[in-house]
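As written, the chains take the letters A, B, C and D, and residue 1 is the first residue of each chain.
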Amino acid sequence: MLRFLTAGESHGEKEIAILEGFPAGIKISIDFINNELKRRQEGYGRGPRMKIEKDKVKIISGIKKGETIGSPIAIMIDNRDFSIEKLPEVKNVRPGHADLPGVLKYGFNDARCVLERASARETVTRVAVGAICKLLLLEFNINVFSHTIGLGNIKVQNNKISIADIKKLTKNSDLRCIDKDVEKKMHKLIDKTKKDKDTLGGIIEVISEGIPPGLGSYVQYDKRLDTKLSGALMSIPSVKAVEIGDGIKNALKLGSKVHDEIYKGVKRKTNRAGGLEGGVTNGENLIIRAYVKPISTLMKPLDTINIDTGEETEAVKERSDVCVVPSAGVIGESMCAIVIAESFLEKFGGDCLQDIKESYEHYITRIKRFFN
Amino acid sequence: MLRFLTAGESHGEKEIAILEGFPAGIKISIDFINNELKRRQEGYGRGPRMKIEKDKVKIISGIKKGETIGSPIAIMIDNRDFSIEKLPEVKNVRPGHADLPGVLKYGFNDARCVLERASARETVTRVAVGAICKLLLLEFNINVFSHTIGLGNIKVQNNKISIADIKKLTKNSDLRCIDKDVEKKMHKLIDKTKKDKDTLGGIIEVISEGIPPGLGSYVQYDKRLDTKLSGALMSIPSVKAVEIGDGIKNALKLGSKVHDEIYKGVKRKTNRAGGLEGGVTNGENLIIRAYVKPISTLMKPLDTINIDTGEETEAVKERSDVCVVPSAGVIGESMCAIVIAESFLEKFGGDCLQDIKESYEHYITRIKRFFN
Amino acid sequence: MLRFLTAGESHGEKEIAILEGFPAGIKISIDFINNELKRRQEGYGRGPRMKIEKDKVKIISGIKKGETIGSPIAIMIDNRDFSIEKLPEVKNVRPGHADLPGVLKYGFNDARCVLERASARETVTRVAVGAICKLLLLEFNINVFSHTIGLGNIKVQNNKISIADIKKLTKNSDLRCIDKDVEKKMHKLIDKTKKDKDTLGGIIEVISEGIPPGLGSYVQYDKRLDTKLSGALMSIPSVKAVEIGDGIKNALKLGSKVHDEIYKGVKRKTNRAGGLEGGVTNGENLIIRAYVKPISTLMKPLDTINIDTGEETEAVKERSDVCVVPSAGVIGESMCAIVIAESFLEKFGGDCLQDIKESYEHYITRIKRFFN
Amino acid sequence: MLRFLTAGESHGEKEIAILEGFPAGIKISIDFINNELKRRQEGYGRGPRMKIEKDKVKIISGIKKGETIGSPIAIMIDNRDFSIEKLPEVKNVRPGHADLPGVLKYGFNDARCVLERASARETVTRVAVGAICKLLLLEFNINVFSHTIGLGNIKVQNNKISIADIKKLTKNSDLRCIDKDVEKKMHKLIDKTKKDKDTLGGIIEVISEGIPPGLGSYVQYDKRLDTKLSGALMSIPSVKAVEIGDGIKNALKLGSKVHDEIYKGVKRKTNRAGGLEGGVTNGENLIIRAYVKPISTLMKPLDTINIDTGEETEAVKERSDVCVVPSAGVIGESMCAIVIAESFLEKFGGDCLQDIKESYEHYITRIKRFFN
């Protein structure tokens, strides 16, 4: 059973995570993890704080001679701005954040006690954990990648596309968008929105290639892979809708236009199901989309109340990104990688890479006849 | 900790569930549960099987003198068509179902071993469990209800609406649609689709009223209420996308048009967040939508392969509903009620209704000053 | 992940369990399960109720053509004495039972609401679940068996003994004792105790043979096999102490006399550790002992209070076994079998017997060189 | 739901833990935690390494202005001897440790990959987590304390004793023994054993005072407090048996001499049940004992094999304590405090101290009439 917990406040000393149940024998590249952290920090429309954060991971346990040893992996990332005890109290709670619900729930008189933890800063540890899971999946040629398919009201024409193509097309894109012309429009929209002191959301798509069929389960509601994936994606701050394959469009169409017919060798011409049938992977690419709301802290503050007086006022301005959609993509990849790794280990068992490989290869051989 | 497991095959003797962690002292109305089961079976567009099923719940444990006693509640519902051992093998796997992934996963040579469990018949137990959770929530004036807001390509104009109004407007609606004119169009679409031997999907909206602020949590990814709710909704067969509040629309809009500003007394003019900020309830109605794909078994069968020969053929026809969207609404209510009850009990603790009430009332009193 | 829930009251209609996460492809013998239920009911010193109960299992789901299909397995056992609503209220709470703590916890005014569930009757479902797990383990030549090693103050001289020998020696023993002479003394003690209207406890030992090394884990406190086994054994009503190997004696001895030295081929001359080192199986037999207190309901009632008046009185007499130690042995086997099966599946993964066998055999081959 | 994970290797940089689900509003005294760490390191018979370790906790998250804020609490303790990558490989596996089972399980060729994590060094984080839980329990006047009741073959005459008395009597005892004369004998035994290059085990008793009745549950095997407590105690390295109350002695006695009769005001003259009836606390002190085996690393090494050659040899000497029983007592307290805190929060709910206090006081008032 793979599990992890994260800890850390936005302006605390460090962000921490413990990843537990990870098998032995996987080579861990610190550079790979740091590059994932870097990918999370990039993106046109990020605010000045991103410039002071240059996240570097430190692994404290679970690794010897560069390889995992089956023990819990403790991860640490320093916060450059460690000031939690000195920062001012927050009384003017921000709509769209956990500020007010958190103050009510816990009985605080300072929303800083909430926002320090509810901050998306926490996702840096998820990306580090996700990177480690990606390293496991790569041993089985499973790739997880994402791109931006919508930013504000600008959408990308998105057809079936491979990760190789996405990587090529988004190589120099600071919005991780596959279409240069569309990206230009997005840049303009971000610039304008910034001038207007407003914020933008968007849509990201996470694609996983090389997934064997049979991950997940239909036997119990909480073992379905769609249950786990949608929960994992929805747990990302700002994500308010999750779609598997063409889930939204499909709801409007006829059954005969929705389901992915099967041909000899388990070939399919379409993948509208996003690689999941009955909560179980079917061997097609896993496709999942997350709808990201515009971030809640505006430089043109929203109306709100003061939690001491109850009187109306303007929300505090805590931070100033215009748009975090490309980052959400990287975080989405991480959450997917974690969920897939968990299901993978549950199916193939094994405490070390060697055993898992044996088990995996036996399975692939067993089902091979269907794919010829 | 509230938890439940379900068991049963579509043509097995019974559907079973055990609900564990439910407090003592809640009056259980069998009529209420049976009425929920009836609501699940209704709806224009259901096939003939629905006529032979008249689900009645039997409670085997956990209740004495009509009240819960804190012990596990075992639920049973008979299947009228108990024939699992006699039914023919299924070799021509249906696209869109777990048939093929299940066969690969488990090494079956008969997809019936899959589809009997992967069938949506299983949701009858979830509705019974959800009904019991609703009875708990009703003690605290929490209502959970749903309506159909889309069927095929026909959408309902849906503004902020109360459960009382939905109940009134959908009273005689066999599609649980609040707009009579729209419903007529839906009927026509269903009739036409039936004639064409095709199937339809749609969109359902679940609304929960009376939810106290502070349920759920922002402190860990898997404790967020949005994580749990989206997983729970996505676990319903045929649901392929989940949206909280206006999650999809919001992704396209400016931040200033998305967040729900707060006014004196924690009043809000909008509820685009669907009652959740930072994964925690904010006191507004909880609004969650599920996008339901058209069911996968068509009377005009899809192309597929035979799992013995690998040759191309037509999918088996197992069942003949045109549209199950209204049922999905009732199942969606149930999953929401279960998740809310779980979070409610985690927050307020208590092993019996009396203790929970004390704890709840203390909390409401504590936060009252914000709402004046 | 293997998990199960049980439901049912002592005088309710049925005892129910759902076993979830059990793999496909295991042949289920109803006779085997029923024989386990019979073993649980036997034993010198059981009261008259045992004569009216002739437990027979009914499996409602999860099986097709006599084999598991990976779906949840629902189990039912009828209670012959279904009278819960008619039985008198219990006001005079029995010391040693959950009666009083349960009344306080839940706010009942009738301890029957407690004792109906707290009754050891519930263990019948555990034995059925354990029997199914034994059938899985038998596929890998893992045997789990028990015998009585103490009854009241009479102890059995117990040396390293094989399951085959235990089975042979206890064949006609109604106390499941390997020593005929000792058994005679036990019979006499039971007879005398019965005449004295008193009750007896004892000690049981559960032995598991054929366990591969490497089950369980030392990496996290809650993944250790000793954590799980001791919790599982202690969860049996009346068990108040649990010992792994010679755990109690070993605490008094010198280190040089406690640890099991290792010789070529991983041979050991002793197994004082009971097959567990660092929370992980080491390939030796798994040996675990449970200390069973005398049952709490005496025909010569204990002093107690009436929960209505608070006044002192005598405890109610609910049931009249003198000694349930042999039954506890069978229940202990079941709990061990469940825990071992869970760890086994976690290690070897696989959704069906064929896959698990491949994975298991690969592992055995991998570690073989140590054992030559 | 309270949960925690620990990470860290014995000669790694740090020991880490994350404690999750802890409520807001509890004052955290770093001195209190450090004192608990100090108590863990003390004791006659500890080796020289204890002198170089002077454990100090550092809390990285979850606290603001000295109070918990409901967010995960990350704990760090430095290892003074950070040398994991430089230490020699371990080929001569130690009997009694996880060395060999770990090597088999994970396919290592160096037992250091096992013993670094399987080391009891990890328990330092459990003591820190336990200390935090104790601070919560102290708010409700719940005290958890332990003493040594056996060392090698020397036992302490142990009658019903209060924590206040234990504290007084063990104040200057480096073995945490309440009897000065017995302690002298223990010192001598330790000295002799050290000279003989052997090791010693013993027995510790953990007492919890002020526990309200109704913690734990009888409704499901895994919710019983005895299940959780025995698992938690057994998870401590070297513990091989766990006893609740007089569980071992009681198994040998008559029922009439075992159960704790109840008198007016829920008074009892005895507490042989150790405060638990039916898996639920009954308001008496919680008493639990752990049987600690002599540590496995002897200066006079045991016979074993070399994992490379398979040839017979002597076990490696990794460390040189003679006796760790007093430390085991402190760790036992910690595990008990964690389990009690978890059950307490499950019963009383509440996200912050204020709410929990209200809920607790209501409950105490509700059950008061029984205790008058």
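Methods note: contacts are C-beta pairs under 8 Å (C-beta built on N, C-alpha and C of every residue); 3 or more make two chains touch, one makes a residue touch a chain.
All values reported here derive from a predicted model rather than from experimental measurement.
A.B. asks: Between B-D and B-C, which chain pair shares more contacting C-beta pairs?
C.D. replies: By the number of C-beta pairs in contact, the winner is B-C.
A.B. asks: Quick one: which chain's Cα centre is the longest way from chain C's?
C.D. replies: The chain lying farthest from chain C is A.
A.B. asks: Rounded to a whole Å, what is the gap between the Cα centroids of chain B and chain D?
C.D. replies: Centres of chain B and chain D (C-alpha means) sit 44 Å apart.
A.B. asks: Once you find the CA centre of chain B and the CA centre of chain C, what distance in Å lies between them?
C.D. replies: 38
A.B. asks: Counting only residues that touch at least 2 other chains, which ones in chain C make the list?
C.D. replies: Correct list: 5-6, 20, 70-72, 105, 107, 117, 214, 217, 219-220, 347, 351, 354-355, 366.
A.B. asks: Any idea which chain B residues touch chain A in the complex?
C.D. replies: 5-6, 93-102, 104-105, 107, 114, 117-118, 126, 150, 152-153, 193, 196, 198-203, 213-214, 217-222, 224, 226-235, 237, 239-248, 250-256, 258-266, 268, 273-274, 277-283, 291-296, 298, 300, 302-305, 307, 310-312, 335, 347, 366-367, 369-370, 372
A.B. asks: Where on chain A is chain C touching in the complex?
C.D. replies: It is residues 1, 20-21, 70-72, 214, 217, 219-220, 223, 345-351, 354-355, 358-359, 362-363, 366 of chain A that touch chain C.
A.B. asks: Looking at the complex, which residues from chain A come into contact with chain D?
C.D. replies: These residues of chain A touch chain D: 3-9, 12-14, 16-18, 20, 24-25, 60-62, 64-65, 69-74, 84-85, 105-108, 112-113, 116-117, 351-352, 354-355.
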